[in-house]
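In the two assemblies presented below, subunit A is common to both, partnered first by subunit B and then by subunit C.
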Partner chain A sequence: MALLVALPFLPLFLWSFAGEWRFPDLLPAEWSLRGFRALAEPGSRVVEAALSSLLIGGAATVASVAVGLPAGVALGRYEFRLKGLVVFFVLLPILVPPLASTMGVHLTFIRLGLADTSLGVFLVHLVPTVPYTTIILASVFAERGVELEEAARTLGATPWRAFLHVTLPTAAPGVAVAALFAFLVSWSQYILTVLIGGGNVVTLPMLLFSAARGSDPVLTSVLALLFALPAVLALVVALRYLKPGEGDGEQEGFVGLGGKVS
Partner chain B sequence: MDRRVKITLLLAPALLVVGVLFAGGLSAAVVQSLGYLPAIGMTEPNLDAYREVLGSRDFVDSLLLTVYVAGASTAISTVLAVLAALALRNSAGRLSAAVFQLPITIPHLVAAVGIALVVSQTGLGARLAAALGLIGEPSEFPALLYDRYSVGVILTYVWKEVPFIALVVLAALRGVAGELEEVARTLGANRWQRFWYVVFPTIAPGVVAASLIVFAFTFGAFEVPYLLGQTYPTILPVTAYNEYRSIDLSSRPAAMAINVLIALITALFAAAYLRLGRGLGRG
Partner chain C sequence: MSARLEIEGLTHSYGGDEPALSELTLSVEPGELVALLGPSGCGKTTALKVVAGLLSPTHGDVRIGGESVLGVPPERRGAAMVFQKSLLFPHMTVEGNVGFGLRMRGVPRGEARGRVERALKRVRIEGFAGRKPGALSGGQQQRVALARALVTEPRLLLLDEPLSALDANLREGMRELIKEVQREGDHTTVFVTHDQEEAVVLADRIALVTGGRLRMYDHPEAFYERPLSREIAEFFGATNFLRGQARNGCVETPLGTLRLEHPAPPGEVTLTIRPEAVRLEGGENSFSARVRGVTYLGTQVLYGLDVSGGVHLRAALPPHTRLAVGDEVTARLPAESLWALADGETTPG
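Let's look at the complex of A and B:
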């Protein structure tokens, strides 16, 4: 099974270091670092695109955790009328493709001067990221009881201090998972960036896309590996530094999608 | 603070983001699909775009392809995921868990590029076939990219989605299903009976829920078919995007009409999924 998981990475690694690799050779006849050198070449735009991806992804992460945290508290801790409807509404952008809403919002963005800007791209990235942070954090707060916080209250802490110093630290691994997830979702966006960025905002997936449509498997593979890097790092961080259970946060988030929230 | 005010305030930022950027965008798509685009002088709302789209051969072909790709990807992923979960449930190794979760976090584009380099006519598969003497020229290897059957697209989705469904199944297996199976074993049920009468009914709701998500997702996803799919027919999101990009602005309403139809269909699946989820919660 590990072999099947690794299978698509095999040609990516081989091509990344390939010099000459003609059909039907099973392995490259020559090895080279041409692809990696091409990344750093002045004309390659890779560094610029990676920075752009990082910047938009970072901003989307901070904003969607900031927005998802209070909503997660509300959905995880309280029962209220119309809760089912709110959950449905917030979850909708995960299953209804944001492509449809983004085409709709495009004209307004043009009128507001948000089209073709990083700010505009950042804003549409929130459509897929906010549902994830909200749902993940809702399941995090649903799991944490209110007992500790109540104990702090009886000891004289204000509600805000009790939340900040008692509840939030215990929820930190869950917040980290939500943040990782938000970053990866933003990092992976291609079509929303193309639509709103209009070619003015160039991110890594756009370079990968045009490389994949071209005829240079070496450059394509190097870009693909670079593009996959944060996903691998995120998984390592999640499994290594977050407690087991929390560590399966990716799973927790998805499973929580249905089980815990509704 | 009043409880209701507090809850409203806590929810406000998220509802604002989803309400303005998502629901607002969809509403604008509906308005434009009705042919109301004052910017280009279209001010008479009508249903022409829907008549045009629903009556066209292109749309029907596109819809059929989309249902086929989403259906095949979902069915294959679900079956493989259940098998993988059954195989994995007794191995609690952390490394295998990590490796298994990798496809969930890897971007679809990376998966698509990797799969393409495996199954293309000069890919690893073809090279292996040549080494085994099965083919001589690349063109003798079956075309699995940009093909009628969308093999490359479906393989990419299967690679991405199997671990996701399998993790849902694993969670169910490690819970109640395992205990019930033990009971069935002590009562003398054989392997097949235990699976069919005990394990399967327990994991079924989770499997159905996860499959609904995968179906809705693959129905509306853009990137993989845009990269590895054939040029005609294209799946619905790609068709909508091509209409949207066309220089002729009068095809905007048609693009938006397709968007609205995609949104309606996927929203139905979202509703079915949430209903199921709530049912699970009660049971």
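Let's look at the complex of A and C:
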């Protein structure tokens, strides 16, 4: 399993540390840290791009969990008229090709002065992240039911405190999964960033794509490793802390996370 | 702290044709333990949830301590509930779980600690305070759940089938514990169960609910000795039914005229007598019979008796009685154990 995850990273590692590597040698003839030095140079904009990716990704995560949590509670727990239609509209942003919707968004953003800004990029990243968090959290709350919360109510908890002290902590693993999803979706976003950021907002994927278009496999590999870092970290965290079946709650969803990350 | 509970004309409908609960009226005295008994789906859990405030009734009123609590949210009713599943909060320790109600009420930490400790001692759970619920057995979890409800000194204790998820051997111990704790704390308690033995053992009074309606509300012995209908008698294990005509204190039956101690309503009646009340001896209300079947139950022997007129009776006798199929015996139906049901529309047993 670990091998399966690690193997695709091997060529990236080799390329990252390669000085000279000609076909058909099995291993690089020379080793060097050229790629990493290039990253550290101020001209490379890598640090700036990574920070920008982190900032936008973090903000998109917080915002989409903030929207997805109440939406997930509503969709997961309650039956109401036209629920199917609501779910359809929630999922629509994932179903419609992002290019199609973002053209329209772009026009609106130009009018609002949001085009070419980090704020605009953050907002447009919510288009794919909010549906994911909403659907994940809806299934989390649908599975958990209201019994624990009812028990808390008869013990003297107001609805809000029952949610805060009982529902939210017991749903925490599910919320973490939703948050990781949101972050990874935002982190790997390219098209939306290019369209709305217009080259002004530089995130890691943009550097990665331009490096890949260039002809320096070393730099590309180093960037790709950096790019994969959060996904790998997420996997490690998920495997270590979010053990399924701990306590008496059935905490599914990690299987899905593991699948996504690996 | 315990309060009187009054339920009046309570009706609750989930939106279907038949309401889950119709016109339920009963009152529970302070410190009394009442069992809401009935088959699953009869509306008893619905009634409990309405009392707890987790459901709103379609009609009717719920009063705790004389005051209507309609519109009062669950957290301000002082009605703590224990469920079929322990429903302990999995992310909190045992101490955190039991202390939850106190935290919600803003009880100072030091005082809360002492009360949690005492509550755990009352349910005989000690040394587990720092554990997570997942590390406890089912029986321990249910006792912690009981402690969690008791620690808040509720005005009402609502127990929703708290024993049904436990193994048979744990159930009895837990039953005794509930009774003991309830007496000790003088808690007004409503206990929902589908197990009539459980209801009889635990309850001061039993409210029998079927099909969303209250059928009988009385002390446990009344369900055995003075059932209101054949349905109720059968629910409590009665098997002997005899049709007859009541006339000045006696009932004409296919077995002859039987004298009753309890008054019988005039006209068509169904007589019932519990198998364990049937005697094999001569005297008043006696007649000859032939043993038709023998079932040894360990603590007693169940005999099927063929009596004249095609009547079939069952008698439960002490285990040392040794009778065989075909034996001729004399059976007596003691006048004080015969009970007349007015419904009349039954087939002879």
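Criterion: the second predicted complex is superposed on the first by the 236 of 262 C-alpha atoms of A that agree within 3 Å, B and C clash if a C-alpha of one lies under 4 Å from a C-alpha of the other, contacts with A are read in each partner's own complex, and residues count from 1 in each chain.
Criterion: a contact is a pair of C-beta atoms (placed from the backbone, for glycine too) under 8 Å apart; a residue touches a chain by one contact, two chains touch by 3 or more.
Remember, predicted model here, so these are calculated numbers, not experimental data.
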| item | value |
| --- | --- |
| Partners on subunit A (subunit B, subunit C) - clash or fit | fit |
| Contacts of A:L51 with subunit B and subunit C, given as first, second, both or neither | neither |
| Which of subunit B and subunit C A:L112 touches, first, second, both or neither | neither |
| For subunit A as apex, the angle formed with subunit B and subunit C - C-alpha centres, to the nearest 10 degrees | 100 |
| Contacts of A:G156 with subunit B and subunit C, given as first, second, both or neither | second |
| Partner with the higher number of touched subunit A residues, subunit C or subunit B | B |
| Subunit B versus subunit C as contact partner of A:V62, first or second or both or neither | neither |
| Touched partner set for A:L148, first subunit B, second subunit C, both or neither | second |
| First, second, both or neither for A:L33, with subunit B first and subunit C second | neither |
| Distance in angstrom between the closest Cα atoms of subunit C and subunit B, superposition on A | 11 |
| Common interface positions of subunit A, toward subunit B and toward subunit C | 248 |
| Parts of subunit C lying in touch with subunit A, wherever the complex brings them together | 52-54, 73-75, 77, 79-81, 83, 85, 87-91, 100-101, 103-105, 132-134, 148-149, 152, 158 |
| Subunit B residues touching subunit A - in the complex, by the definition given at the top | 3-4, 7, 9-15, 17-19, 21-30, 32, 39, 84, 87-88, 94, 96-118, 122-124, 126-128, 130-131, 138, 159, 163-164, 167-168, 171, 206, 209, 213, 216-217, 220-223, 226-227, 237, 240-241, 244, 255-256, 259-260, 262-263, 266-267, 269-271, 273-274, 276-278, 280-281 |
| Sites on subunit A touched by subunit B in the complex | 1-2, 4-12, 15, 23-26, 66-68, 70-71, 73-75, 78, 80, 84, 86-105, 107-108, 123-124, 126-127, 130-131, 134, 184, 187-188, 190-191, 205, 208-209, 212-213, 217, 220-221, 224-225, 227-228, 231-232, 234-236, 239, 248, 250-251, 254-255, 257-259, 261-262 |
| Of subunit A, residues touching subunit C in the complex | 147-148, 150-159, 161, 165-166, 169-170, 172, 246-249 |
